[in-house]
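Lettered A, B, C, D, E and F in written order, each chain numbered from 1.
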Amino acid sequence: MKLIKAIIRPEKLSDVLKALYQAEVRGLTVTRVQGHGGETEEVETYRGMSVKMELVEKIVIDIGVSEPFVDVTVKAVMNAARTGEVGDGKIFVLPVEAVHRIRTAERDSAAVTPVA
Amino acid sequence: MKLIKAIIRPEKLSDVLKALYQAEVRGLTVTRVQGHGGETEEVETYRGMSVKMELVEKIVIDIGVSEPFVDVTVKAVMNAARTGEVGDGKIFVLPVEAVHRIRTAERDSAAVTPVA
Amino acid sequence: MKLIKAIIRPEKLSDVLKALYQAEVRGLTVTRVQGHGGETEEVETYRGMSVKMELVEKIVIDIGVSEPFVDVTVKAVMNAARTGEVGDGKIFVLPVEAVHRIRTAERDSAAVTPVA
Amino acid sequence: MAYTTRLGRAGEGLTPLLSGAIRLALPGLLLLAAPGLASAQEAAAINGGDTAWMLISTALVLFMTAGLAFFYGGLVPSKNVLNTMMMSFIAFGFSGVLWAVIAYSIAFGGSSPYIGDASMALLNGVGLEASGTIPHILFMAYQGTFAIITAALISGAIIGRMKFGSYVAFISIWGLVVYAPVAHWVWNANGWLFGMAALDFAGGAVVHVNAGAAALAAAIVLGPRVDYHRRAMLPHNVPFVLLGAGILWFGWMGFNGGSALGATGLAALGVVNTLLAPAATLVVWSLLDVMFAKHMTAVGAATGIVVGLVAITPAAGFVSPMSAIAIGALATFPSYFILRWRAKSRLDDSLDVFAAHGVGGFTGALLTGVFATTALNPAGQDGLLYGNPRQVVIQLIAVGAVFIYSAIVTVVILKIVGAFGGLRPSADLEQKGMDVLSHGEEGYATGEGAILILDEELNGTAGKK
Amino acid sequence: MAYTTRLGRAGEGLTPLLSGAIRLALPGLLLLAAPGLASAQEAAAINGGDTAWMLISTALVLFMTAGLAFFYGGLVPSKNVLNTMMMSFIAFGFSGVLWAVIAYSIAFGGSSPYIGDASMALLNGVGLEASGTIPHILFMAYQGTFAIITAALISGAIIGRMKFGSYVAFISIWGLVVYAPVAHWVWNANGWLFGMAALDFAGGAVVHVNAGAAALAAAIVLGPRVDYHRRAMLPHNVPFVLLGAGILWFGWMGFNGGSALGATGLAALGVVNTLLAPAATLVVWSLLDVMFAKHMTAVGAATGIVVGLVAITPAAGFVSPMSAIAIGALATFPSYFILRWRAKSRLDDSLDVFAAHGVGGFTGALLTGVFATTALNPAGQDGLLYGNPRQVVIQLIAVGAVFIYSAIVTVVILKIVGAFGGLRPSADLEQKGMDVLSHGEEGYATGEGAILILDEELNGTAGKK
Amino acid sequence: MAYTTRLGRAGEGLTPLLSGAIRLALPGLLLLAAPGLASAQEAAAINGGDTAWMLISTALVLFMTAGLAFFYGGLVPSKNVLNTMMMSFIAFGFSGVLWAVIAYSIAFGGSSPYIGDASMALLNGVGLEASGTIPHILFMAYQGTFAIITAALISGAIIGRMKFGSYVAFISIWGLVVYAPVAHWVWNANGWLFGMAALDFAGGAVVHVNAGAAALAAAIVLGPRVDYHRRAMLPHNVPFVLLGAGILWFGWMGFNGGSALGATGLAALGVVNTLLAPAATLVVWSLLDVMFAKHMTAVGAATGIVVGLVAITPAAGFVSPMSAIAIGALATFPSYFILRWRAKSRLDDSLDVFAAHGVGGFTGALLTGVFATTALNPAGQDGLLYGNPRQVVIQLIAVGAVFIYSAIVTVVILKIVGAFGGLRPSADLEQKGMDVLSHGEEGYATGEGAILILDEELNGTAGKK
């Protein structure tokens, strides 16, 4: 089992979700975050006080998958989330020791296979 | 050391927190997220435009524990968070290489043992 | 590759960011979370109803780094985030199997090296 | 009583003397059309200054219901914000239309002491002719804005746990069988409480005790929310609560000041008292908060302002400004402590409509019987402090009668509505929040993961649901 | 027509008879300065009650544009909230100043049937003298608040995708070459539509059909937003939408009631109808929502209220309260279904200005020709139901002419402005959101990772940008 | 000056001539009770139109303080939103009650040129009798709403870093020893600045320069917030800032228009100027923003509107509408650039009360001395442009005196209050945010991890704290 952690642009979320459904990935968790990387920073001005915004809105998608699914999932995200501009984001693949489905107490791959 | 990542229903948070305290788990971090899985999707309508909400409000609880605590913690969450309906969520157990307590620079199990 | 997950006080964010830049860490992702630990809990009262707030605002910083960077990064965060009061937070170091840069499809250490 | 004799003694200089106890009699009298009176009426022409003030007062009281939506909406969790606000906004529609169609006639028509008639149904005979010194339709509309907000006030007791359709049916019926008759009792020249010379300048009994009693009854009939006392219900947006309090205070100037039915010294008295009484309540409430909650709370400040406004409502045109300060200060205590007790009780009057409006209106009505003076308003009565202890008893009878009638009939209406459509949604739906489930909307949508769908799909999904 | 003869028959008792069709003629007439009229004017002294009502009405209509900013601002995603609200607020500045400088004179000056002149430019000759029964400058300011909100209304069609500088240029020009002439046609005694006795009490044609036509044209010229129909645009703050609706309803009392230009029975009629018509629309809209959206929606309630307000605007001073309820109810249908169709169409009139204001104003204007009666307003006209079918045709001509002129000239202005500054930002900037890019601000900044910078740095960074 | 002679020449037709410089003298005169005057007073009956306008004006100015709470509350981080808003709301209570108890008498009682007396303490002798053409209590209440907002204005300078109890003590004392005497100087017939014929129609000096000076002094005494210039303070809710600006503009119509104390041509002039001046400021401010901030900012628009409103306040009843546009435009520059400088300075006047109100009021007062004309207001004075350069000097003396007195006494009060309760909370508490710590609430609670507790527990926990 692996946990795939993809950091993407908010405006790309719908495309990535679509791509993941096509890749048969049915379960995932989305978190709104802010990122810092190579992007040029926005400058905002409030009543003569100027601030540089070092953090940019991003979205993290966490996907728990069994080994066979890792590559397809990564590819799906990679293609759907790419714009070619700095700021597209990263994908981290983390090892997982166990997964439990709370509803059924099923474990591991059983816990992440589609319900239907 | 392990990092337990539990995805649960928001309305179950208080029950889970209670269960964790009883299981002597004192430290944890909570994140508001949105999930997609097997749940049927809500439909909302705004001025004649209908949208399907593919993401449902969920809560992630991150708990760093030393090996002996893993099972009790997982069990505690599992029982407290279950409703039996699709959407109860998942628990991921991730390996951890090191934990540091910022305040004291203590490491690993020392870093997560209750303060009191 | 490692993923460093630092839980800190919100008011310490700017200091930690500064410290990280000095440590040449260019990429990171920030998440607003709520934590529970050893801190004394605030009591709030709304129309005669008193509630104990068991969760405190915290910030999680996720930083993907290649091995050589782990220690400097941990140290940088540790020093910048410390106040000495209960509630300073934790740093988790997680193993990472792969990192991909979405824009370029570069992998692993190449994926996290500064753009510039 | 006072009024007729007064008219007997020539209808002259009526406006400056108009009082809560008599003013609303005029349209009723119009219908009686006792020739002597009728002519006295024709004599009274429409006055520009009075009309200007009543035009804006009508707008102000209308605005109050929007303010109430924010006062209530800010106090609930975000999952219920739209449901809560809609409970106020929908009253604009149903209560507003029904008022013109029939309720106004039930309230101000007829000559029975207990209920009006259908003589002015569909605004029959309600035109531009003078009622007092303003056009009759304007009087009708001004009264309509009272009917709207009174219905909306009740919702605070049952927010987050009532089927919306049943709620709409409930307030629609309630406006006809509770609000209108009670208004008739107190404000129509033939009303039995009016006949007793009960003083209710702007609706302490008709609006606040009435809504408070209905709220108490509704909270009991519906029972507490599923997670009551298991999970804290926190205000999701306290600035909205303060916005609501601000709009309410602003609008209340038209509520109390406009009840003079003209731009008179009496209106000035009403406005001044409506400024000072809540100010005094705010001071005392804040100090009590420091003692009992260890802080001056913002929710407490907003609540205190509303309690002060409620308390001065029946008194506004009968007492002196310094008495208003006294009333505002004294009225703080019962509401403050009953509200604290309620929070720990089994009674889920979720937004404390009973403690704020029922108790506040009750206290205000009694204190009106204590501080009222004919020196300021000859058409009113003297109170206890001015040598007329009997007035306190009269006030007690008035609020007591309104309270009992409102509570009982509210229970009956809810039972009947419940028998048809049911009152509460299923427990799990209630926990998920009413906005998505009974309005199909979120208060604060982010749009993440929202997929546009075509109608055919929609029906498909909806079926699945 | 009616009016002049009336004046011929002595200028007495003018106010109570003032009607939408004639009222705005006064300043125009002042300038004609036909001796007979002039003296009639001097005769008419300033009236305190009328002035009081027009003072507050001016403030109320001013407040409406702030309400509109919330009505619109709540309906857009948070990334565009400031841009959307600024499109209303900036109109206060540019449209407001231009009104005093020249637009008022274009609208109410001169004797041509098609356009005013520069005789009152820079408020030349606009002073404290009476215009009807109120000071002339007050009349000017009251009309100015209409010009401001009409310009702001258009923005709903193009929010989130127009360069702000071009928008400011557009509404500034639009106010001079579209709004002012159209107001002249309808409200100046010499205007050609006025001469036809077209009825438009408070601006159904001048304000709403006019803005609706401009909105439709602007939506087409700019084209849909980049992700239209690919990504759902959800309201980020529905309570703001309700706040906007509440403020608009409140302010509309001055918009319709103030159009009587005095604290008269006519003003009362306007206020009462402005209370009842939207109430009826709200009821019908909610029921349609239950049928078609399966729920009574909060956004729907707010929209219904606005549609009802728009529909009663041209009729407010000409129809009875029960007719107002009928108009409010009937006007629901075309707007409701056109709005539903629009959501699925290629037309990105983002906030449905056309469906709400264009269609609502059109329906209201026609129904005015159906329900109008001289029994309530002798200076008005009888409508179809009162034996004058011709009035419907007149109404149709009036709204048709306004619609066509406004749409065509709007296209021309946008083409010209576009030729200079361009109309749309680049697609990727549009997707990121207009607030940061065209205002350098966020609506709800958290301050995380915000670093203060000194000016030199700023210029550096800005260069990089 | 002008006025007394005028009364000498028969008290008739007073209202239309009432001016900022003389109007507030009336109650004062009442007390002098010089028989001639007294009778002149009795003669002046209460006027319905005037009373209607003053009733609503009182409500409008009351509403402004709620608007201010949003204008300020939106500009601060969410951790301080309630503390900031409460600093305005609490003024309703303490400043409001104290006004009736004694401050009104200090401001408008007595015959000394420097301070009033206790003759009207507890509203002794303040009843329904006419003051000018409105009831005396209404005049008292109207003035009270000014006292409330002036106190609340100061809070913008020290938000997020002052102990709430000390703040309450401060504004309570300040209202008695600073606001009331200054009002006496300028608006009481015996006031020394009044005697100099200094022009201050609606409070440029009494309200804005006064609050601006106190704000500057308070910001210096308290010192900057702990992380000033280390961490950016961003507005957490800019729509709230725009809401506040909208409510303020709306209410300001009563603030400036109501200062005519009647529904007169003078009131119309006040309202028209209050519409046009801020419009002009908004235009110029936006253009400066484009030049210096590269964008038209929403916070800038809101700020510009307020600055324009402040600048026209002293002039509203003395200058022509075109002069108002000039004043609005000219007043933009000093405030804009001082505000920009302030942001980079060591002065943590957090919400720029000094730049907006102090400087804006100062500029407006001087320009009043330039543009004032007796052609529009015979009871006023001619300004520089009308051949009376002396008036500029008088204006300078007036604002200078007010500024110095207010600043010095503010420092003294703060030192005394500080000696008792201390002024600032501990640094770490300040950083955590004032809402939880000094009000025990959050502005936007989510309820996650909130555990209900019984009282015994509470005391336990509180003990631990």
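Some notes on this structure:
The working rule: a contact is a pair of C-beta atoms (placed from the backbone, for glycine too) under 8 Å apart; a residue touches a chain by one contact, two chains touch by 3 or more.
Since the structure is predicted, the reported quantities are computational estimates derived from the model, not experimental observations.
For the touching copies chain A and chain B, the fraction of interface residue numbers used by both falls below half; the interface is of the different-residue type.
Chain A and chain F have CA centres that are 52 Å apart. One inter-chain figure worth recording: chain E and chain F are separated by 33 Å, centre to centre, where each centre is the mean of the chain's CA atoms. Chain D has its Cα centroid 46 Å from the Cα centroid of chain B.
Taken residue by residue, chain D touches two or more other chains at 47-50, 52-53, 56, 230-232, 234-235, 237, 243, 263, 293-295, 297, 299, 344, 440-442, 445-446, 448-452, 455, 462, whereas all remaining positions touch fewer.
Touching of two or more other chains is recorded for residues 14, 17, 30-31, 34, 36, 45-46, 49-51, 54-55, 94-95 of chain A.
Taken pairwise by the contact criterion, the protein chains are fully connected, each one touching every other. By the touch rule above, chain D contacts chain C in their complex via residues 232, 234-235, 292-295, 297, 299-300, 303, 339-344, 352.
Taken in their complex, chain D has these residues touching chain B: 230-231, 431-432, 436, 440-442, 445, 448-453, 455, 457-458, 461-462, 464-465. Across the complex, chain B is touched by residues 2, 5-8, 31, 33-38, 54-55, 58, 60, 74, 77-78, 81-95 of chain C.
Within the complex, the chain A residues that touch chain E are 11, 14, 34, 36, 40-46, 49-55. Against chain F, in their complex, chain D makes its touches with residues 47-50, 52-53, 56, 60, 77-78, 229-239, 242-243, 245-247, 249-250, 253-254, 257, 262-265, 267-269, 271-272, 275-276, 278-283, 286, 290, 293-299, 301-302, 304-305, 320-322, 325, 344, 376.
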